[in-house]
Amino acid sequence: MSQLLGVAVLGAGHMGADHIRRLDSVVSGARVAAVADPAKERAEEAVAGLDGVLVHTEVAAALDAPGVEAVLIASPGPAHEEALLAAFARGLPVLCEKPMVPDSAGALRIVEAEARLGRRLAQVGFMRRYDAEYMGLKSLLDSGRLGRPLMLHCTHRNVSSPPGFTSAMLINSSVSHEIDAARWLLGQELTAVTVLRPRPSAHAPEGLLDPQFVLFETAGGALVDVEILVNSGFGYQVRCEAVCEAGSVRIGDAHTMVVTSAGGAYQEVAQDYLVRFADAYDREVREWVDATRRGQVTGPSAWDGYAASVVAEAGVRAQDTGDRMTVELAPRPDLYGQNPISR
Amino acid sequence: MSQLLGVAVLGAGHMGADHIRRLDSVVSGARVAAVADPAKERAEEAVAGLDGVLVHTEVAAALDAPGVEAVLIASPGPAHEEALLAAFARGLPVLCEKPMVPDSAGALRIVEAEARLGRRLAQVGFMRRYDAEYMGLKSLLDSGRLGRPLMLHCTHRNVSSPPGFTSAMLINSSVSHEIDAARWLLGQELTAVTVLRPRPSAHAPEGLLDPQFVLFETAGGALVDVEILVNSGFGYQVRCEAVCEAGSVRIGDAHTMVVTSAGGAYQEVAQDYLVRFADAYDREVREWVDATRRGQVTGPSAWDGYAASVVAEAGVRAQDTGDRMTVELAPRPDLYGQNPISR
Amino acid sequence: MSQLLGVAVLGAGHMGADHIRRLDSVVSGARVAAVADPAKERAEEAVAGLDGVLVHTEVAAALDAPGVEAVLIASPGPAHEEALLAAFARGLPVLCEKPMVPDSAGALRIVEAEARLGRRLAQVGFMRRYDAEYMGLKSLLDSGRLGRPLMLHCTHRNVSSPPGFTSAMLINSSVSHEIDAARWLLGQELTAVTVLRPRPSAHAPEGLLDPQFVLFETAGGALVDVEILVNSGFGYQVRCEAVCEAGSVRIGDAHTMVVTSAGGAYQEVAQDYLVRFADAYDREVREWVDATRRGQVTGPSAWDGYAASVVAEAGVRAQDTGDRMTVELAPRPDLYGQNPISR
Amino acid sequence: MSQLLGVAVLGAGHMGADHIRRLDSVVSGARVAAVADPAKERAEEAVAGLDGVLVHTEVAAALDAPGVEAVLIASPGPAHEEALLAAFARGLPVLCEKPMVPDSAGALRIVEAEARLGRRLAQVGFMRRYDAEYMGLKSLLDSGRLGRPLMLHCTHRNVSSPPGFTSAMLINSSVSHEIDAARWLLGQELTAVTVLRPRPSAHAPEGLLDPQFVLFETAGGALVDVEILVNSGFGYQVRCEAVCEAGSVRIGDAHTMVVTSAGGAYQEVAQDYLVRFADAYDREVREWVDATRRGQVTGPSAWDGYAASVVAEAGVRAQDTGDRMTVELAPRPDLYGQNPISR
């Protein structure tokens, strides 16, 4: 391993550019070795100011560039499967933004390919597992001090939805974060899902079913409910309350500075996930770089990416039909260990 | 009207004794004129120290006692219907503890009897409508500043369940408070109910399905979810978050004194509803006394009591069957006005 | 004692009218038996709607009116001494709004007169002792759980100062509340005072030294600091943090309903002391009525009123001179017991 | 400039070892090029696992080692002056832990030496300026939205004092953080200081005056009060409330996860400054590395280090004498610009 881990970044859009900045000037121990994006100008803009980073339009060229030792996939979801398989073919460790693969059939092919390799190479970008509050909550739940978790109440609110956002995306793009967080916090697979659709907000674009209320049942008999509201108007707010046999815990009210003026006490709410989870993204990439330099793969696995996509697909069906849908997973390869959930 | 409103209190148990104390020494403008309880000694204990209050074992005797101008019913639920009809027969205004009548058929008979009278005499003891936080929430929702309410997230937790508490009572005794609060806050009838039953807590008595998660749909397309957990172990906690088109509001975290010691910042949680809602009970009885002296009936109506019992019955069926149950109300008599919900 | 305690209310201004309302329609067990105010019309307006209450212009006439059994003094401070002595002469129990007497020499005459009577008749209207948060704080300090109190940090903010408010009044009208609260919470006399005067706020009227920062030392070696800011612009905010050997406690952040909208989470701040301390006033008068009917005097004593006025006078001298001023109290009569502070 | 800034770290104790770790594995763009510590074994332990870092016992040897481009001073305070001058002699940019120099005479010599150089090389380690909450507070104050600051109320509490901690150190080691923070937040020099010493806590070691209450006056007529309590028993708590003409702002209550159990709602308090200010230390060193690589010096200046030591010395005199002491600063060299306070 060289002094700085050479990383090929695939995709130089909003998320990719942010990861390029992170690898270059925030996280120690890594450097950007190559970038690939079909839109070459965008990629060149993202690496402006970095010495000696070659820009490619083809994934294979970037992976084969000199000094590339690992891959960070930040391209659009439909491009992930091919990129993951190309990284596997070269034995390169890879951090892949979520969704790992948009559909569960493709996700299963990734799981099977990695199982055939016989060793883990892929980590999926479920960055909430690296947020300080989520980590504190996980640690408290695992300690057993509050007994068994009975319910998780989750809130996921955005200021407004981007153009083209569909009702299905409330489940498979937004709630997919809660799907992984719930599996990870509880250490249990999700087994069924029901979706309730109140009358849409006046602030939802025509045709978008916003908000929705999603209910998951788990293998251990716990219940997870998620309010998803992507046109809240007021902020990006992610909260989770775990109700356990001996107490409850709440995260996500992390306003700090209290301003009192004009008749009230006021605390700002974050407007954006890159602000709310800035530290989580930094920690995720730092831990991935550190583990990779040690020759390890430790974060959310391809199995986690697969399970999330199966649950999300069941959620979209539940949303369409109004019925409770059960979740059916393929058998879990031994590669992913005894515990159903990684890390 | 005499200087002090003479009140006959029916029932001298836990709740009745508390109301006797309230009428005697907290609320101005009223006095206890008579008490009835089949257990005469209990009633005599409850009025010890009050001058000239006669104790009866029969409801009729108490209602006909000299100086009785109004009735407060705090006897067990099954005795309510007869007591309400007896008060109606005498034209006496009455404040009736919840449930107004345990079953919806009996509740409908009360509604019909009052409709025949052609004037309101009954107020039902939904005291949350008199809690300062709920009043603030109602006032904010009614102002329209936050737009239309989309969802109510409710939490209802007790320290532990009393002996004999059944799974059905989680709905028709505990959640019935949220049923009324939701109808009142939203100004909408509830139209359907679904009950989810996670695996019970280790602290629930054998056979009690605790916690439960109850979902109500409303006539206006809003969604109401209620966590009911009667063996939380840690406190009596009643919270409500209203999610609206232009913002959200939360009540029920009303801890005040912050103690920092031994590594943490700590705020006490109330252990009991008589503590949490002490002011609400006082305000409820004070407003009832004031209105009654002015010859008015203003609080939650018999219709509210009836609607709550219909919804609770549907909830118990939903709990039993696991299915979504719709709610069917009888036509509302004109007596109860245009707006579906009183006050 | 008759069924309802007959109270003569002296003074029918803002505070007097509020107490008349409270005695008539909030607190049980009392009635307004007479009212005196030199401005007869104002008094008549205050008792409009009350049956059979005679209005007087002279204190003596009101005290001698039929049915008067106790006195509530809400007239301007300069009238208090004469009124208190008139009540003493008739053996009438009295609740006297603060300041008991504006100057310490007059206050000492009241203490001496009551000591000559040989029994307590006077209670001073330091209503913070009846506020639920202050009571909780007092109870926690007295429990010894947090060890000895080392410091009290106090904040006292008003929206704006009324016309005619002087720099001395920041001490002897506003901070006098903290003077009593500190003595009561700590159970110690205050022994010295220093006043710091930062450059005044642009929102202070010309010539008013606002804010000020007042430091008290106590007989037990504790320190009390008070920020007084009467033109805060944003609210009426009264906070107190007690720093003890084994922890700290804070009261006064009692906002409850959290509204999240437009990019922030918001809690209202009370604008007025009659709102913030509404319950404390009610509880104060209720406990005074109850104790009086039992033939007892239990609240803040004439000694407390005297001590507060001596400390306030030293504070005004400290404010004028910029120096630390010591506080010298007359010997405490045995009537006021072993403990320096009542209740 | 090479790809990674080569830093010589002077001192490999608690703080030095933490900075070595930070430069090596947290902050991007830098590497540890040399370490000096008289205790060679300690230094060797601190660099275990780092490739090719030479350990020295002499400062000069470390500064002259190959690849050294900048210096981070984390040795004990008495060694700082010589190390700073040695760095100046070599033209090396330097980040110096606080106190810059223990006494104000030595601090002035550093200011004069840097002024003679005619360009800034030194940055002082006042890391609170890099804490997210302090940065938010500074930004809000500078925006002018709340008008002129009138007062700062500061709290500084430690769990317990280390062996050998003296009463003077409460001022010149602990409160020195507030001295810099107040100068920076207000943009004003401190002009006078008074120290009040309540009776010590039972938990203070024999002879230590703990707590103390320190009052600073500023050139602009604001007031700064600081509670310093180094044996609080419960946590490391740093709070600041700025009271302005149009509102107040509070930072430092940044508990996040709320655990409700056993009758109360509970939030953990940090126990240690390395935990509370972990992000601030990271951000401080990252910004220093970035600026240094760009050839700039941007953080707290030698003048800030000097001013803090003058104020602290006046504070210790005020503590000894019980009197208010004025603060006299030498003329400020032009090098440090128009604004009295850097950054």
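Letters A, B, C and D mark the chains in the order given here, with residues in each chain numbered from 1 onward.
Throughout what follows, a contact is a pair of C-beta atoms (placed from the backbone, for glycine too) under 8 Å apart; a residue touches a chain by one contact, two chains touch by 3 or more.
Predicted, not measured: the structure shown is a model, and the values here were computed from it.
Select the interface copy of B-D from among A-C, A-B or C-D: the correct pair shares over half of its contact pairs, counted by residue number.
That interface is repeated by A-C.
With chain centres taken as the means of their Cα atoms, state the distance from chain A to chain B in Å.
Centres of chain A and chain B (C-alpha means) sit 44 Å apart.
Averaging only over C-alpha atoms, locate the centres of chain A and chain C and give their separation in whole Å.
Chain centres of chain A and chain C, defined by C-alpha means, are spaced 58 Å apart.
Measuring centre to centre with CA averages, how many angstrom lie between chain B and chain C?
For chain B versus chain C, the centre distance works out to 37 Å.
Using the touch rule from the top of the page, what residues of chain D touch 2 or more other chains?
Residues 233-234, 246-248, 253, 260-262 of chain D touch two or more partner chains.
Which label fits the chain touch graph of this model best, line, ring, star, complete or other?
Contact pattern: complete, every chain touching every other.
Which chain C residues qualify as touching chain A in the complex?
233-235, 237, 253, 255, 260-269, 271
How about chain B: which of its residues touch chain C in the complex?
3, 24-30, 51, 132-133, 136-137, 140, 146, 246-251, 253-254, 256-262, 279, 286, 290
In the complex, go through chain C and note every residue touching chain D.
The touching residues are 147-148, 150-151, 153, 196, 198-199, 201-203, 211, 213, 215, 217, 220-223, 225, 227, 229, 232-234, 243, 245-248.
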